[in-house]
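Every chain is named by a letter (A, B, C and D) in the order it is written, and numbering of its residues begins at 1.
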């Protein structure tokens, strides 16, 4: 079969002819790729940046990609809850199941995780084989392009709803500040609206007007240009919230200024989810901004296996929510044209690029 | 001033001329009644049923009513966060502040609670005086009729979001079964929709088609006639939820059959809120329906002081939600015509009756 | 090898020569039984009571038993976190891993569960083979007899700490009422003491003075004879708790009177765990005892996989706790003498019976 | 009456004759001081350091002190749950009751807080008057010296049990790392032991061997000298916890190295409470140490009003716990000798100094 592969320890991917994967274990599920979408991680690997150089396994070549909608074509004898013909997506983290984290409802931060499309073959091909546990059965009539977006949408949902929250710390009726309007930050806007947020504030980097524009279209009540408003942001947000500040801060930018502004805009006893990737150590006044404020701060990695997916199944039943999510698909290409999509991402013209399968 | 009062230990209310209340304590807030609505409790007191005969204080006469939207006209010297001219509603439970429950974030189930309009004068008059703590400042442009509905809406919101829930047990993306379509059951439908529920099932008593019709208009995905479907309800609900059953049961009926059916329709490890009033002891198979099912069951009394109100402030910012809530106001009368409204409730033609003020 | 087997659909077990189990799957773990203990479930199967007649699979004969301490002798090629020589115990519920419950941190109430020693071969033999997931690695120096008790101890710990609790609803500094002094009720006493309970009340059935005596030795602050005190119990408990009642009720008896008394003794907003098995439908005043009380009630089944085990690992590090737990081992026999142990249980002279292995 | 007062905006306190306070409001409670203890805050005010210069109100002179055990001598007419003769301690934060935080179970971080002994008269005198809400009724037979320690003990308990935790994130059976052995860090050791911690690691600054010695006496399983072990601490801790790291980090030092080491020693998905005061902005690798680790981090301010006090009432029922707490009282003087006590603290020879009353 054909596949988009990382073949060398340098910039680039290439399309290769490779062996079709087979059902080898009792719990294996084989599926045909119907749609794939491109993740920031794929872009990092293509660019071969510092992160990729450090992270990529020696075992190159491998098939890239992990955001997918597909159809099951074969199952192993021990598969229980998936059938041939089922429409599925894929949880890209393969957990060991028996480490300390896996045994305490933290499988998404398993100490022995392998990621499909990074540590082993992914889904930018014609077929893929994964364990039943990693196969997520979609509603049969869900658009495969939306099904494929569940990977980043899951990051958004998990950031919005980290584990262990009490009802008070939920989203219903709360004011929310989303710092950073990348794909996942943008997705968070309809997510928190769907969960009953009162007012949603979104801030973004400034040059990229398209993203702030999109934030507005997705339902943000106030969009803040970080380049122009800068340190005035906390005051603007507090003024719009009876002087209290927001209840929830979703840090999606990996920018220390945004983090500081967000924490200043947070109400006493508010909560914070940190998803953004900070490229190096950061400096801030933890005493004023976290400790004496009585803040609750959650580091976010991946998405919960599989409570986050269950929440996604529920919210994807809403036509209104599907409509919002579709807006984020700014480009759609054939897999053979993958490079075109990658360049749109590289030049920050694309939010999400969806690819139709080979053939 | 004029007021609708309970004057005798028998059926009925009457309009009387009575002394206008005064600011006596430093933390007192005096307000003009702009709108009042009639609660089921008012109806019980009017009918003077078994509950009322047992519950009413000897200190009759008193002013009835506790659902209200008003405007502050005077404040005591120790009032901090309320000003003259503020638009307010009222939390009707006056808590002692220092008992075991009050000192552990359970002020709504204070052991020394007094209820305005039951244990002391209420708001079916021209003015009322309450402590600052019981005064809830509304957004200034909120329709006073909707402001008044926050009392029963608060019961709905608290039933939907009891304290101590983890995110998994929230509403976002969950399937919800609402057993009972009285005013609070009906209000719960737009509430859970607002909080991101996946599918909402609502069941009701059967004869009263108006309520099941209303449930549909408020957004229920499936409406079940308990009279006709009866014991088939659990199967119907499971069939519509991939065989899993619902994640959340809101028991709003006080009917043991509805409780049993709801518990049968609940998924393993699901959660239940009990708000409905059961007139006497009930019998059911607790072993099968709660214990081995690993269910979490929450008894609901009142509404949280004041987290529930904070959630309401947030969701009332949504025009869509306001629109749904308004549908429940089926009748609007002058306070002088209170008896007309009461009869509409008595004959089950009204859902909520809103009253405009004297003069 | 030899094994104690259920061989017929009638009362009794018998020792048989049977095939030693083998490592067949990649994730299989084979272990030598060092110690086994007898569970109430084993007793039910031996008696062949109504529950057993309904529950036992047609596939008789099978090896009974599921409480065990053993030593790993062989592992399959896909085993990651267990090695030959490791000391292990066994989680007796084999979950499917991919149903709705398994995918939402409720693996212990999996819809496709199979139980070792009931639905398939157990551990009353010389060797057993189980998936790595079901093998729980013990501290190497833990007494195998205590290791074996982790199965019922896990029920106790899970009853004490059901999922989703907030800190307020924890045990530290709380007053706790344990209704029922069977083996698991008794185990709960040192567990809640270990977790920082303030006062512990324990009630028991009356005739069996040994159990109430044991409750006292295990640290209960007040022991209540349900036969003698009866309906005075709620008042006695409230008097000893500043009139507030207990914060936590652990229902371990399956007796409706005990449930009612416990709920009456509960403070407003308190919490309840239900573990006891009620033989049929029960009747009680749910309105007064749960709803208006604002109680939180948790049905308990099994033990969490594997957070409960992780908690047990921690508390078993305490010598003081081990000392208390050992008191519950009232009888110790050879596996060949299993019938002697069973009769001690049958005649209610034994609390826990531990068996040393064949040979 | 006599009182130890802050009389000038410079270093020092002095004993003055001042007016005995009176019951002025309906909810006032007047009490006789039986015992007072000296807090780090008192020491800061005495030294008149940078914090004190910034924080102290212009309204000098005022009576210092807020850690107290006393006896009620008079109550106002609206006091409900306190009587003359009751033994009480004092919650030193006077909250407004109606701000956003007060209305959402976060009264301890009220936006309008005033602190007794800082913003208004404290308890280093013969009598004091406070609202009923701030009076905490002790068990009548509790040693007043221990009663007085409930103020810092409350900080410890609140750090150990911040709000909103699920059972998994509790203390029972968990491994805990306490970074910093000041009075509150030391108090945390018997607290977490009382709550069922598995292993307790405590680290301290190095020069002060007395404190590390005390940590051991209070039950720490491993004591780490930060001066000597430094960056080896994370590895030492992981080695002692099966390679997993600790479940809970209590940051009590306000030292960035200790914070970094503690976060490195934390297991994936573990939780952190931050109580230590960091004198300025800090720098650390938030990405590795919080975000990708999936850590939950809680800023801690004060103690919960009044759930923390309720937990303290419970654990103070244990003689064993009282015994441990008493060890921390290293010095006991008369109020007239306050300066002697203060100097012992200043020279770091004292852990807690308790003062007996004037006369």
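Simple rule for what comes next: a contact is a pair of C-beta atoms (placed from the backbone, for glycine too) under 8 Å apart; a residue touches a chain by one contact, two chains touch by 3 or more.
In this text the structure is predicted, and so the values were computed from the model without any measurement.
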A-D compared against A-C, more contacting pairs: A-D
Repeat of interface A-B, chosen from B-C, C-D or B-D - more than half of residue-number contact pairs shared: C-D
Inter-chain centre distance, chain A versus chain C - centres from mean C-alpha coordinates, in Å: 41
Shared interface positions of chain B, touching two or more other chains: 100, 104-105, 162-166, 168, 307, 310
Footprint of chain B on chain D - complex, ascending: 25-26, 80-82, 96-100, 103-105, 112, 132-133, 166, 305-307, 309-310
Chain B partner contacts - residues on chain A that touch it in the complex: 161-168, 170-175, 194-199, 307, 310-315, 317
Chain A-facing residues of chain D, complex: 100-101, 104-106, 108-109, 111, 162-166, 168-169, 242, 244, 254, 267-269, 274-287, 290-301
